[in-house]
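You will see chain A twice below: alongside chain B first, and alongside chain C after that.
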Partner chain A sequence: MTKVLDNIRLYGSFLKTSLKEMLVYRLDCIVGMTSQMVTQAVEIIFIWIVFQNTENLAGWNFMQIMLLYGITLLSVGIADFCFDALYDIGPKYIREGDFDKILLRPVHPLLSIIGGSKEFTSLGYFLLGLIITIIMLVKLAIPITIFLILKIVFFSIVGALIIGGINTICSISSFWTYRSNEFIWSVYQIYTFAQYPIDIYNGFIKFLITVILPFAFVAYFPTMNYLGWDIYLIYLSPIVAIVLWIIAVKVWNLALNKYRSTGN
Partner chain B sequence: MLRTIFALAKMHLNEHNIYKSNFYLFSFNRLIEVVVYIFVWQAIYYQTGDAGGFTLSQMITYYILVVSINPIVLWGINEDMGHSIRTGRINKELLNPISYFKYYFGMNLGEIAFAVIVGIAVFVVCAIFWGVTLPVSFLNFIIFLVLILLGIPITFFLQMIAGTVGFYSGSIWGIQILRKAVISIFAGVIAPITLFPAWFQALSNYLPFQELIYTPINIWIGEFDMSQIVFVLIKQVIWIVILYIIAKKFFEHAVKKITINGG
Partner chain C sequence: MAIIEVENLVKTYKILQKQDGLIGYFKNLVRPKYKELTAVKGINFNIEEGELVGYIGENGAGKSTTIKMLTGLLTPTSGKIVVNGIVPYEKRIENNKSIGAVFGQKTQLWWDLPVIESFRLIKQMYKLPDGEYRKNLKKFTQILELEELLDKQVKNLSLGQKMRCEIAATFLHNPKIVYLDEPTIGLDVFVKENIRKFIKDINREKKTTVILTTHDLKDIEDVCNRIILLDQGEIIYDGDKQKFKDIYGKYVFAELVVSNKNGKLSDTITLNGCEIVEETEKSIKIKFNHEETTIMQILNTISNHCVVEDIHMREAELEDILKEIYKGAHKC
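Then we have the complex of A and B:
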């Protein structure tokens, strides 16, 4: 247990360094955050157009879909910030040989790598998610109680952990291909499926986003809870996150044993 | 000169060949992108009996073509250019016996060749899953191809403009995302332009973007008023000239002004 706590404390200091780095690249950071928000404009326009053509989508109206969207962005923002360095394992660490240095540190290499994340621009996602969530909660007349705020904070972090777990599992592909980024990215993109009511999909995709890649637990089931539609499924999210991380650490350790340096 | 450009294009295409997995992953990404669009419009169609004024099969074809053409429009050499600015490799590239623009145009062609391969693969796979409508006539298909070809210099010069911004900011990552978002919004990637507000439609009639994706697809599915075609072609040529001049002037200005990380 102390080991887990030590690791969390260590991660905290990694996080602090990353946040400080934001101040160094101030201009780039602002440009990046703005651009991230602009990209999201694409998605928001699509949702807007959809609701020009229909009153509701599988029983969800515009504001409810936007709430789901905002809640998703909260988790995505946190996850992108905290787990971005997973994309670097192949191209940066392994191919360039930096991975050997990381192995020599007295810390688990996974923590070393994840701690090096500094994708501060994804805070743009987070901010946008926060704004949309607040507006939609007000518009939907959902009472913003302390309990609801705590719930949203907690389950946003859990959602980010689910995304991070899935990304970590996918990142082991870098031990074979030396370029993990595309594979993680491909799988990660599937989270966009869970930004819409899962009732619009066929059985295969429903199964995909609830069981195989449980992205529906990131924001979809939590949002149903906030809307008062489904009270219980949300509480499976932490369990999903824990299971994913147990699998992630296990497969990562297995893959680590297979690691052969590219040696340069 | 043409031969050099083609040699560069081939070289760049071969870079993709090294990582065969790229092809599968990039195609897979396209498929993921189309899934949401198709299921959402299907849901709308089953609920309201209308898919934004199109038939359901037209709408499905629309989005399948969007994700198939979209790489040709959005991919390119912006990352390579950014990398060359950051590392200072650009010093050597400026001394190349081939001009900077031609050098990157050749590379860009290679990238587009790869995009075409991915696009065709995606189209075929989607056609198996959902079924697509074929072009309404052979002539329409030819005009479709002509418009896609005219889009290549347009997207290239846009990339050069975006890339040149990188001289000033040191990183082109942000401006790149902006470029992609603007094209996605105005080219009809999100939805057919007819579903946007009237002022937006009026504006995009004058911009070169809707001819990159929206107009070619409408020609394919037979929803385009062919009497407009001459106007559209002339408009594209004028935009190519305008963007060329802007890109060239901006680049020349930037090269004189800027100090580059020593390479």
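Then we have the complex of A and C:
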């Protein structure tokens, strides 16, 4: 238990260090955040246009879809901020030889790498998600209680952990290819499916985003809960997150051992 | 018990066999051909606590591969390594707690932050007590002259400044063993001397075991008391530095400043146990063996053919000895 606490404290220090590093580049920070928010705005306009032509999508109206969108952005914002450095393993750490120095530290390399994330632009996602979520909760007349706030905070973090777990599993491709970042990114993009009601998809995609890559547990099931439509599925999310991370760390260690025996 | 034990250590790499031309590259893509390359061929050595070992050899001799296996970065193909009671490639993180390492130009410091921030993180990572941290920081700052560097961003430091900070970071957590792979590459003489002094001081005080690989043999000459010489994956010498020089470096170099020379001496005279290395109008460089001849005998012969005005002599240094060994049949 003390080991876990130590690791969490160390992660906190790494994160603090990354924040300091990132604040060195103040202007980059502002430009990055703004452009991310603009990109998202384009998507929102697109959804709005869709709803000019239809009343609802599988029973969801515009505001409900936007709530789902906002809740998704909360998790995506946290995940991109915390796990961004996974993209660097192949092209940066391994290709440029910095991976050795990570392996020489007295902590698990995943902790070192994840702690080195500094993707400040994702704060733009998070902010936008927060604004949209609040507006939609008000518009949908969902009472904003302390309990709801705590639920949203907790399950946004759990959602981010689910995304992080999936990204971590994909990041083992770094041990075989320098272009692992593109692989992780392409798998990650499947989360877009879970930004819409899953009833609009066929069986295969439903299976894909609930079982194989459980992105539906990031925001879709939680939003169903906030809307009062499905009370229970949300509570599977933490279990999904834990299982994903157990698998992620196991396969990561296996891949690392293989990598160390072949040499580079 | 030795702090590092290495037994029959072997590392074989599988490397892709390159085929020529664009078609060759496509062939590789479809059916890659591999060939095996044995970088380390069954080496054995023990290192005791507190030793300063120079691990030397030409490029590609297998030095880095050995260091990578000792630090657990690579798993050996076969053989046994025990470092401080731990098998490093099985319990890498455990092993990392008691070692420090510098790999050439790679920095372990946080690039965008002031140096002191990196030291603080290292303190936390290795769970170094406050008292120890302050004591080490004070001492290192003094020996390595870091006073003015601690608040600077790492990216703004010069190469020499960065390496001094790097060395401090490596020794900060009181490692029992430190691996230094080319720590002085590209540095000026003063920084080199500074770093060498630091290594010796810490070794004397804390009995830190240091394994140093370098191409600057002055580093070895100054710091190490034992040499392990590697050639094509095999150890060809392991032992005391002075003994190494005694056995293989019995010769002396001399440069004679001469005048009134008639013709080329190397054509006209033969000297027993002495070789003329280089000869110009004004100077003659010779190399001779202590046991076979003396400088007086040589001068006697040479002065028959010219006037000797001045003599500079020096003992063979490590570099000269190694050159001889590499030139020879790769055999000691």
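Couple of notes before you dig in:
Keep this in mind: the second predicted complex is superposed on the first by the 258 of 264 C-alpha atoms of A that agree within 3 Å, B and C clash if a C-alpha of one lies under 4 Å from a C-alpha of the other, contacts with A are read in each partner's own complex, and residues count from 1 in each chain.
By our rule, a contact is a pair of C-beta atoms (placed from the backbone, for glycine too) under 8 Å apart; a residue touches a chain by one contact, two chains touch by 3 or more.
Treat the numbers as computed from the prediction; the structure is a model and nothing was measured.
Shared-chain residue A:Ile231: touches no atom of chain B or chain C.
In the superposition on chain A, A:Gly97 makes contact with chain C only, while chain B stays out of contact range. In the superposition on chain A, A:Val4 contacts neither chain B nor chain C. When both complexes are overlaid on chain A, the residue A:Ala141 reaches neither chain B nor chain C.
Of the two partners chain B and chain C, it is B that touches the larger number of chain A residues.
When the two structures are aligned on the shared chain, A:Ile200 is found in touch with chain B, with no touch to chain C. Of the two partner chains, chain B is the only one touched by A:Gly32; chain C is not. Judged by the touch definition given at the top, the superposed model places A:Ser186 against chain B, while chain C stays out of reach. In the superposed pair of complexes, A:Ile45 makes contact with chain B only, with no contact to chain C.
Across the interface of their complex, chain C is touched by residues 6, 9-10, 13-14, 17, 20-21, 24, 97-98, 100-101, 103-108, 257, 260-263 of chain A.
Those residues of chain C that touch chain A in the complex are listed here as 11, 13-14, 65, 68, 71-75, 89, 92-93, 96-97, 99, 101, 103, 106-108, 110-113, 117, 121, 124-127, 153. Residue ranges of chain A in contact with chain B, taken from their complex: 27-28, 31-32, 34-36, 38-39, 41-42, 45-46, 49-50, 52-54, 56-58, 121, 177, 179, 182-183, 185-186, 189-190, 192-193, 195-196, 200-202, 205. Within the complex, the chain B residues that touch chain A are 19, 21-22, 25-26, 28-29, 32-33, 35-37, 39-40, 42-44, 47-48, 50-52, 169-171, 173-178, 180-181, 184-185, 189-191, 195-196.
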